[in-house]
């Protein structure tokens, strides 16, 4: 595929739809092991993202990602703001000066985003954070080296569900130690929606 | 001498007079190496002490000291509240069940007060705190084993002035490290007034 | 049985209340009481406010006091000595960071000794 | 030349303002700026507020940022990266206790490296 400005905006709109729909659910996930604001944070941020990317004309996907990054950083609040903000900023940088964003470039962009998240949060895989969803998805995509909607969706979903079994060692949930086991990580759930939205954009292309 | 309820109240009234008169000065001492409230704290506390000890009839010096301790603890605020509060509380305990408070008993009471201050503040002599005035005065009194107004006055005054040369290692002034040198310790100044007042009570007796 | 109570002692009432807000976003059940500022609302600490906070925070499972600067500690110690209650402890940990950990631990039903243990490990 | 500026980053606006009050009782000259709460005044942190505070605290002698919990740190790091200024550092010390020490040190004309050194020794 070739990832265009139009597709990028579609992706962001779909992310926002899912987050608005699941705002309460995300917040509920954040209650037992956090401060109960993840849904509120994400909904506020992505609502604004959709407004901003539709307000202006964008020449490149890189510019769309940059605008998204800035808005997410400013509006989300909480840990997910700098984390997702950094992710979109890294994608923006990875897509800079690329005429066409083919599968390999896009996968590279997602990998850069993952690295950005890990660096920002000083987190590795298995700490019950959104890294636990991003890393398996990126690895799977790198392995296959092309985009398949099903692959993304299934990998993201399984990865998100797996966070239920792990103990948090980063972020607010880490204060709860063993008691964090048995709950899905809210950030992993929102990351699942992000990849679910991506899968749908790819689906529609067919 | 015999330290009576009347003398105790006279002592407290004289302390208060001196503190009210020097309120600004004490606060000024607390500005370069503290938070500039020592005069305000002490003036508020001892004004209330004088009100309280004149409001009720007291049978024993111990009771007067107890009432003073409670008022100082409640009203002074800041480090000097618990420190002077503890001092008067220890005196109250030392004088308990004593029919007559002779020189030896009173000196013992002051020693107990000093020990209470040191324990409360975890301070020893030389740390630029009110201990630097209390300890030389108590030691001198123990040496001589009787009360002489001059001796108290001169010892307290010299000790207070010496705090100018030392570096604070306890209390707020300790944050200023070397920069605390060159300033008289505010708590040592208020302690000087306390002993000056005591000297005057002894003087009047003659 | 209730939870270990948390008392926040600060020179500033705003600080104590703000920390309580931060904790309350996460933990609702644990008693968290503030003793901020002097009796007349100025910067400083008040033994009376600390004593009152101790009374309110008590659920018979112990009370943990967190303080900010010098005189706060001395007033806290005085309040502990004046209190009739047992099992009141002064936490040697940063006020905000420590009390947040303390409140989360208390919400998990930990004892005062277990909480102090965690604080010692963390700070 | 001015002083090293202090920025107080807390999840709570009250906490940040209250700490500033405590510092201001002792230190008047040093720039102390608050970045507390989210843009809409809720519990959380805001990169924009941190960036604004950095701007105001700058006297060309460096700026030291103090933060409370997790996301405050990430937002502070982002704000540092986004800023054009040099010599902005994140202090790894408790918010209240650390910033009080930092402000006193700054008032004595210490450099940012010297202040960080003191903080490392104290916490």
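Should a chain be cited, it is by its letter among A, B, C and D, assigned in written order, with residues numbered from 1 in that chain.
In this section, contacts are C-beta pairs under 8 Å (C-beta built on N, C-alpha and C of every residue); 3 or more make two chains touch, one makes a residue touch a chain.
None of the values given here were measured: they were computed from a predicted structure.
Q: Would you mind naming the chains that touch chain B and likewise touch chain C?
A: D
Q: Treat touching chains as neighbours and tell me the shortest step distance from chain A to chain B.
A: The distance in steps between these two chains is 2.
Q: For which pair of chains is the number of C-beta contacts greatest?
A: Contact tally peaks for the chain pair C-D.
Q: Take the average of all CA coordinates in chain A, do the same for chain D, and state the distance between these two points in whole angstrom.
A: Chain centroid spacing, chain A to chain D, equals 30 Å.
Q: Using mean CA coordinates as chain centres, what's the gap between chain A and chain C in Å?
A: Computed from C-alpha means, the inter-chain centre distance equals 39 Å.
Q: Using mean C-alpha positions as chain centres, tell me how far chain C is from chain D in Å, no decimals.
A: Between these chains, centre-to-centre, one finds 25 Å.
Q: In chain A, which residues are in touch with two or more of the other chains?
A: Those would be 35, 37, 172.
Q: Show the residues in chain C shared as contacts by 2 or more other chains, in ascending order.
A: Answer for chain C, listing residues that touch two or more other chains: 25, 43, 69, 100.
Q: Once you draw an edge for every pair of touching chains, what topology comes out, line, ring, star, complete or other?
A: Contact pattern: none of line, ring, star or complete.
Q: Can you name every chain pair that touches?
A: Contacting pairs: A-C, A-D, B-C, B-D, C-D.
Q: State the interface residues of chain D toward chain A in the complex, per the touch definition above.
A: Within the complex, chain D contacts chain A at residues 38-39, 42-48, 69-71, 74-75, 77-78.
Q: What residues on chain D touch chain C, complex-wise?
A: Residue positions touching the partner: 10-19, 21-22, 25, 36, 43, 68-69, 94-97, 100.
Q: Which residues of chain C touch chain A in the complex?
A: 25-26, 100-101, 104, 108
Q: Which of the residues in chain A come into contact with chain D in the complex?
A: Result: residues 35, 37, 41, 73-75, 77-83, 85-86, 120-121, 171-172 of chain A touch chain D.
Q: Would you tell me which residues of chain B are touching chain D in their complex?
A: Of all residues in chain B, those touching chain D are 34-37, 172, 175-176, 179.
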